[in-house]
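Per-chain numbering from 1; labels A, B, C and D assigned in written order.
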């Protein structure tokens, strides 16, 4: 996963009736000279939906990319598929939104520098100047877009403009301390990843470490999820926890939690960029 | 910790002003020929309360037990202590309440058989007959006390009577599927330990695994807590978690959760019986 | 996973060249009216080997079992497959070997009673009488086969005879304190599962908790592995760990470790019985 | 722990006979107007040694620092104590040795910047130039001291000179890829902290991730330990682990392991700088 590799294609599909689908897709890859590298599938009992991720080698594949897309379109029509097709050499472009806390941003930037992220960091956007040197140190452009407390619309318009201009595919909220408007969120369905500093659904909303300390929990957590218009209710991609005790005051919870937040967020971003995450209603399927 | 040992005394104290308290207690033990085995303390910043656990060897101690208690009374008056004094050879007596699910009960009974619990299982109480053979296999008395759906008072009266008669010190709810009345709970403050099958405060109330599955969490948990009259709101003693994925249906969450429930409950019971738990409002101090 | 289900077929295969294999197997299932429930695969870079697990619904499948086997034989010849085909309604039969420690045995027996094991416990075999009541409580036959220190061959002959007579498929060593001879082990390749009380490869051999305590580790572990003629060197199926500290003496390590051992062993047995484990040299592929 | 606080004194002691020691030390603090903030103790059964950590508030303490030291000297003579006395406002100075891998260095530098380390980073020392910009970004001096493969003595002499000149208290090897000579190590007893990329004692020596992959473990780990002249045999301060599977090739183990290494090392350094670690032979006592 960490070494450069020849180009591969990844197809994500979901559909209602899968009869014959696996055979049809496998056969499509095989007949055209491809080699299946990963094939993961999941049938969701509650909804009757079927999800699949297929990744194959393009080195010996006999179809050109437009032909592949044409062929998938035909299959999609026959099996009524929702689908998404990507190529490993067309790297997704990521915008990171941050405020003043640097820890999650550093972790993403370092993962990127180490070649551990299957995408590129296009820009760091912040409502403060504080993190400009951090982005600069890693050679990533930084945009300071202040947000007015009483009217966030102009800031969001400038953010959207910047994202369009930078051809951004996914937005990562790395402890970004502003709530995005439903209109903004609606333009980025399953394309905004947030880190919440609790094991959701416990402690939604503000100051979760204070809530955790008051409740006297013995475990704290962090949750990376897609943003929807319901605060802290979006589909969960990844969670992790750490043990705490009565000795840990809020400051210590913040420190231990910060360690969790950064690694949970970076993991979730990596999973998303590797096209391992599908959304089904309020849940995710993660082909890890 | 698992081998038999000569008698020790354990003193738990809490107070408002600790100035000189540690010195006074240490000096008391030392001057009377005792050897301090454990000394744990905690100052709670939010409340200004101070908590301490002191355990010392009685083998060479020069005071008899009534004299020890007399001396502690004098210190308690001077320092305005809440206190509790116990001896390792006076084993607390435990009643386990269960319904039909056997897993938590087995774990407690086995821990007891292996000599891993610092107390004795006096009786298993159930509103069903199903677990009678389990108690019998381990040689623990079993009482079937049915609970009427429309009037629980008679059952609780018989339960209380049985607990009195058996000189029970602590009640453990091992997946007992009845809600105890506030009156019953009030008679056993910080003396009833429950296992809830979620990482509280997430998923309070009924069917937490169904709630967890619907929310799409990536981690499930179990929580052992003291029972108060607020459902699932009592002070948490111990929690633990397990990873789950989209592949885990509710049945699999129940299975993975069952593995968690039993070990979290048994750990909490052990901590309580070893006199390692103090309560401060909605929180516990656990000197593990 | 915990509810009874209509019969399914599970095919495990390994081979050298997989070109077209996934398509061929998928197509085989599809053309005969089957529904693929699970399809997991793994290409091992180091060896060039390819592994696959395919599970499909037999409810609507148009081939009878002898026909299925015939068809697989044809495919196996074409693709040079190693393969194993099983049916969910033909439950594997398990023999548990134990000595005096009851904790792992209880956990397996309870998992079986709760319907969480995809196999049946045919017999408990022990070189001591101590655990007879445990097997009896769960209604599983118990055989006391003493092992002479100076000549183990007669005992192993009687064990083998019993296993044959009981049509046993897999042997589980639940803290069985005798080393099996290479001859015995050779008759049960990847069919004997042992629990070792350390995170292998650390602390092979005797008294691993004493070794762990002497080395001052901060984490202890347990390892379930297939038994080979090299002591504690067989392919690892499952491992887990627990934190320890300087406060934990050897007795406490034994207690904490016992909690680990039982759940790691039961998990490994469940994975094996669900046909989720394939062996590749010294490693396992676990399609969990 | 993360907020600035008035000065405190921390006393670490070890001794053979503790009779009266706790009382004497508590009394010393109390009589001079101090307030005990932490008092941790441990009696090691195997060696008969007793260890204690006492931390008290200096705000109202009536003795000046030279007087405190004088008093401790008297107690130390009476009780035959090994002891170390430090003050929270005299921050230990840390040198970080690194080579080319940046992840552990970033984590330490970030923890320092966030005020989470109870010490100061005096200098980053490296046998390569690669990490100079990293140190520079965080405003920490960087020294490039090349090490000749055939004669390391001159480099070590320059390192020692630099450490002396910078008044360094502790050396942290943050994936430093050179083995220090026994002479160098002997000058820094329990003062050099290394991170080894396995859960020791498994996989000592070179390329532990390759070893782990070959052995097919299901868990990998990282170990922070004090360096002694026996390679990878020094007293362990902290360990942690992560689950892996057959899907993880060596590159992925390196990535997952890198996440472990950085947080285990930073935790160990924090524990050391907070004076929470005592050494007893091959083990540590960690008063966390």
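Just so it is clear, contacts are C-beta pairs under 8 Å (C-beta built on N, C-alpha and C of every residue); 3 or more make two chains touch, one makes a residue touch a chain.
No experiment lies behind these values; they were computed from the predicted model shown.
Of all chains, the one whose CA centroid is most distant from that of chain D is C. Interface comparison, A-D against C-D: more C-beta pairs in contact at C-D.
In a homomeric contact, the two copies may use the same or different surfaces; for chain B and chain C, over half of the interface residue numbers are shared, pointing to the same surface. A straight line joining the Cα centres of chain A and chain D is 36 Å long. Chain centres here are Cα averages; for chain C and chain D they lie 42 Å apart.
Each of the following residues of chain D touches two or more other chains: 249. Residue ranges on chain B touching chain A, taken from their complex, read 42, 44-45, 199-203, 214-219, 221, 235-241, 245-247, 249, 282-286, 288.
Within the complex formed with chain B, the residues of chain C that make contact are 1-3, 102-103, 106, 110, 113-114, 116, 133, 137, 248-249, 251-252, 254-255, 258-259, 263. Interface of chain C with chain A (complex): residues 18-20, 22-23, 26-27, 29-31, 35-41, 43.
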